[in-house]
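For reference, the structure I am asking about is given below.
Note that the chains take the letters A, B, C, D and E in the order they are written out, and that residue 1 is the start of every chain.
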Amino acid sequence: MNGLVIDDVSMIFTLPDGGEVHALQNVSLHLEPGELMAVLGPSGCGKTTLLNIIAGFLAPTAGQVHLNGRQVTGPHKERGMVFQQGALFEWMTAAENVGFGPRMGGATRAEIAAKVGHLLDVVALREFADEPVYRLSGGMQQRVALARCLANDPDVILMDEPLGALDALTREKMQGLVLKLWKDTGKTIVLITHSVEEALFLGERLVVMAPRPGRIHKAFALPFADQGVEGDTRAIKIQPDFIATREEILTMIWEMEEEIMGGGNTG
Amino acid sequence: MNGLVIDDVSMIFTLPDGGEVHALQNVSLHLEPGELMAVLGPSGCGKTTLLNIIAGFLAPTAGQVHLNGRQVTGPHKERGMVFQQGALFEWMTAAENVGFGPRMGGATRAEIAAKVGHLLDVVALREFADEPVYRLSGGMQQRVALARCLANDPDVILMDEPLGALDALTREKMQGLVLKLWKDTGKTIVLITHSVEEALFLGERLVVMAPRPGRIHKAFALPFADQGVEGDTRAIKIQPDFIATREEILTMIWEMEEEIMGGGNTG
Amino acid sequence: LDKITVAYFLEWPTPNLVAQAEKTYDEALGVKVEWRAFGNGNEMSQAMASGDVHIAYSQGLVPWVVAVSNGLPLRLVGIAAAYAEADNCVVHADAGITQANAAELEGKRVATPIGNVTHYKLLRTLEHLGVDASKIDLVQMNPPDAVVALARGDVTMACAFGGPLQRLKEFGSVLMTAAEQEAIGIRVFDVVSVTEQFARDHPALVRKFMQVTDQANATYAAAPDRFNETIAVAAGMELAAALEFLETSTFPSVEEQLSAAWLGSSVQAFIREVAKFFAKHGQLDRALDSYEFAIDTSFLKATGP
Amino acid sequence: MADRKQPSKLAVWLGVADNPFTRQKTVKFGDASAVNSGRLWSVATVAALLFAWWAVTRWGLLDPIFWPPLDGGLYPWDNPARARPGVVDRFASLVVEGYRNVPLWEHVWTSVRRVLLGVLCGALAGIPLGFAMGLNSVARGLLDPVVEFIRPIPPLALIPLVILWLGIDEAAKTFLLFLAALFIMLIAARAGVSSVRISKVHAAYSLGASKPQVLRYVILPNALPEIFTGLRTSMGVCWGTLVAAELVAADQGVGSMMMVAKNFLQTDVVVIGIILIGVIGFTIEMLMRALEVWLIPWKGKG
Amino acid sequence: MADRKQPSKLAVWLGVADNPFTRQKTVKFGDASAVNSGRLWSVATVAALLFAWWAVTRWGLLDPIFWPPLDGGLYPWDNPARARPGVVDRFASLVVEGYRNVPLWEHVWTSVRRVLLGVLCGALAGIPLGFAMGLNSVARGLLDPVVEFIRPIPPLALIPLVILWLGIDEAAKTFLLFLAALFIMLIAARAGVSSVRISKVHAAYSLGASKPQVLRYVILPNALPEIFTGLRTSMGVCWGTLVAAELVAADQGVGSMMMVAKNFLQTDVVVIGIILIGVIGFTIEMLMRALEVWLIPWKGKG
């Protein structure tokens, strides 16, 4: 089967005191190549765990993940990652960060330079190529992280709250970039976010997860991502449809939280 | 003159290399007692500087601040602060944190206990009174910070991105709490935020600042805060008015950023 | 004053160790006498400068000279022991160096406690044998360490005193025997020194100390076999090693000490010689013209039998 | 992959089985937290060392001067003059009879007492000075040259002067240990003041606290973790300086015992001393760590 | 409040005027970054100490045995026996003539060389071992008991054994310094591995890096700041251990010079030695700090 297949994955963490945390329970998903799935859910519902399993950093207690028919057993460059922050190599320049994947793969200098130049153009950071990344602003750093991930031309891009540490405005701009890159490259993308708006705006599909045990609560198919590429980002966000879905999901999470976790524990 | 009067305040930081940063230029504002003013603006426009001057932590290079006719020359308990995070005393329990102000003021044990009990009820944390604060979640910590600030019954409450570190949902719940407290206590509040939505939702007045030099770009009078107390938080946020104003301000900031700072520098 | 502190050496078997062990000193002086072990005589000087140590029993002459030349208020009040045989330099057996080819020591490494009698003897011996001392790599080592260094062959020659010297002899032979050294006028003896202030404030205690010491020497001389065991244990040595030291050392009586052979005149002359010698070798900034002011035989004289 | 069987506690402790935390991780190289304890190998190392010690003396492979036999009875060398009591016997005799008429526990206690006293004095002087440097410009100016220039001087270098000034009694030893602890405590306290998040101080002032109250209720508790780390470090450093301090004039203490034993080539006593020093140092460190968890539970949680 | 006049650079340096950073702050007590340097007081302290030194000898208030006169010419005591060359003259003579036929710079260079060699050896052994402990469970198991038990043993305590094993040559001294540096470097390297943010390692693997590549391109550069801190610490500690190491057999080196001078009660040489050790220690520390800023600009910016 082509695409990313998550097949009845469960994950139980054993705590040092012998207790168990059911971080994921019987999660099954199927992403066709080129789909963008947003994952939403309250803190501790297993979003990061799910992503780590797909990336191959964690072995699930039960179930398997397959990508294009091959079982996932560890990290591989076919599955790229974009982390929230702090995953850039601060001892390298922006260009060196972007060129890291090809360099590890044994590409020649010229190949690397060409690829890096192109990708820095894509994320509009050409002029900052030789800056050490720690001198860049948060938004610029995340653009470097995106470019670094793309440099290896992965089949799937996994993003764990990639825009979570940015301020509201920068975040909005970056959403446009992510959308554009998705359309341009046709990658399969799994995007985890805390922001309902972001999930709605970016996701082609939206999965809402619930905690204890971590599981899929509800899944939506969304129309907004397709519009985003052409129109202005903000134009979409004020559509009545967008607002209605946003409200529906917010209410759902809100209620889910209150029901499952009780008011006091989550505020 | 009653209320908080910010009179032609300028702030110039001298850098170690002799350069100068005009963090604030001729900022004048007047808040009547009981007003809630939200301050919005891109990173580095002097929001925190302004708040620090009102709080009395910084002396402005020019201009003065008066509260109820008395000039501000240093911190005082008439002006309470709520910081983004990490300003709680982690070596104390929630109750001890809340009781800190009265205790410093020499209140008796019984007085402190009564006040703390009441305030913990207000922020719905009674049962966590004896927990050390580092065991509480981010949202609960901010509620403790609010209660601690209220314990001294200040005339003005200054908040510097008080909800900035919370996740989207917790944040939304906290917005309701802030609004409720404002209505119940009738305090003058200055609230700094990065989130346009939050500024619109909470602010009775909204000031948008622009950077380099830090200055007031535009001021609005808003209707939403008044509605928020009765209705559901989310009900307001989907009003067409709300959405329209939100868009207006977002566009304004977006353009301001692009015009002043250039695209590359801020993404 | 409820306690006085006396500095002494371990592995230095003197007859008065019996008195030390049997607390004769404490009884006679009427105060608690605390004995503290030191590594070399210079450390005794430093401790006396601070006022913590009142009496140094068996301080080497050279450390005493160094101290007095540098202005430390120490007073020589008696002679503790003469022990030419118990202080010497041993050449490693593999080096093949004897007096005849002693010049081969130049460029080699030699261990000695610097600023001690041993050091003085070494320099005098080398001078006598026509060796240029400045061409020798002289390293400061206290006797126990020197044993290890020679045993391992890290040094070609090691100089030491007391118990460690006997262990040194396991690994080589002496460069020059004690008799040969005495023949060229090298004397080796330890003194009893006290701080000036102690001598001034508590002359009676000093006198009694000298008295007990003299008695201990006399008692031992009368029947050495009775005490050898006690002394060896107190010194922390094997009986045989202690015996060797005791048999080859002399512990002059009060009368002998006051005679011309010792404090009558010859010690004073020898002291000046030592001081000049070290000054010439640049170890002392200057030798005093006279050391008489620091020698006080009044306590000995007051020690009636 | 679906293996839900739990490894036994022993296997996890020994590090032969993955612990609950690490077992699900596929990427272990580079993830220090996923590396097992490997304690089986520790046990093996210790056992092998002990066996080697026993073996070299059993078969006379090592001159006892260089390393003492574990058991003298196992030591039938042809040269009886070089036979030694063996570390085990010697240890027994040290416990029962003592060394140089002083019981072993008294040597140990003397040393520990000196270290505790030195650290205590260092803390009593260093913490207020460090606070003063962090809070006041005059104090900072006055103390800066002292701290910057005297600190790099190792206490051992001061021994000649310290003997001249303070003699050979406890005062000299305590002074050396005090010096070793002083600068560590001073710098720790100063760092403690600097580490206060300024928003905490601002919050306190805004809540009406006075300067002494800010010092007492904000700066002091906030600096406690750093101060405690300082205490832990100075315990370690003082324990290291102890041997130097006890060089001064050998009387009592583990260091003195070793120095005297060295002079008599009693390698067995030296080795016992080294092991004692290692064990006590290790114990102190463990006690301090436990104390820290107990006293300052909020450490690193601000 | 509206005073825009800039204080002079000198005034700011001296700490008598607020610097650009602190001048606008109203809350200074509790804000360590707002405390001025107070350097005027430092200058005053140093001047006062020098004056006191000059004065006590000028008016004969202190016995030169306890503290040497600054200038012998200023020292007309009634007892000419106690006249001394003075530290200044002595220093000149040490520079020109040397001590015990060895020029002063050679003593200094010998000591510095020993420290550098010790630290180098410690780093060469400690860094790979520390990495191994952070990356591999067998290495961790094998080395853990060694690290935990041998580390608390001060090098000085090992001197008797080291002399037995390695003699009194450079090998013994280097070994002592090596030991002092080894554990610091090992722990620093291990901490360096542990400090790698796991997301960096994950990112590297996801980008197709192999284990050696992760080690080379991620773990090593990420551990560099910690390793450098380790180097800085071990320089300091080795400098402190140097005097102990040069005790072994005093021939050359600042520590040896002091030990010999001590035997001749040449307090002036001892004091010069102490000052030299302080100055060199301070210089090394400053050089290392500068080097760190230059070599690892990204420190603390991950």
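One rule holds in what follows: a residue touches a chain if its C-beta (ideal position, glycine included) is under 8 Å from a C-beta of that chain, and two chains touch if they have at least 3 such contacts.
Quick caveat: nothing in here was measured; it's all calculated off a predicted structure.
In summary, the chains found to touch both chain B and chain C are D, E.
Removal of chain B from consideration leaves all other chains as one piece through touching. Top contact pair of chains, counted by C-beta pairs, is D-E. Rounded to whole angstrom, the centroid-to-centroid distance between chain C and chain E, based on C-alpha atoms, equals 39 Å. Between chain B and chain E, the centres computed from C-alpha atoms are 47 Å apart. Distance between chain centres (mean CA atoms), chain A to chain C: 84 Å. Taken residue by residue, chain B touches two or more other chains at 57, 74-75, whereas all remaining positions touch fewer. Residues of chain D found to touch two or more other chains are 27, 65, 160, 164-165, 202, 204-205, 218, 262. Under the contact definition stated at the top, the residues of chain C that touch 2 or more other chains are 46, 49, 148. You'll find the chains touch as A-B, A-D, A-E, B-D, B-E, C-D, C-E, D-E. By the touch criterion given at the top, residues 197, 199-200, 202-210, 213, 217-218, 221-222, 224, 296-298, 301-302 of chain D touch chain B in their complex. Across the interface of their complex, chain C is touched by residues 63-66, 79, 81-82, 84-85, 100-101, 163-164, 167-169, 248-251, 256, 259-260, 262-266 of chain E.
Touching chain A in their complex are the following residues of chain D: 1-2, 4, 6, 19-21, 23-27.
Those residues of chain A whose C-beta lies close enough to touch chain B in the complex are 42-43, 124-125, 127-128, 137, 139-140, 143, 167-170, 172-174, 177, 194-196, 234, 238, 243-244, 247, 250-251, 253-254, 257, 263-267. Listing the residues of chain A that touch chain E in their complex gives 55, 57, 74-77, 79-81, 83, 86-91, 100-101, 104-105, 132, 134, 148-149, 151-152, 154.
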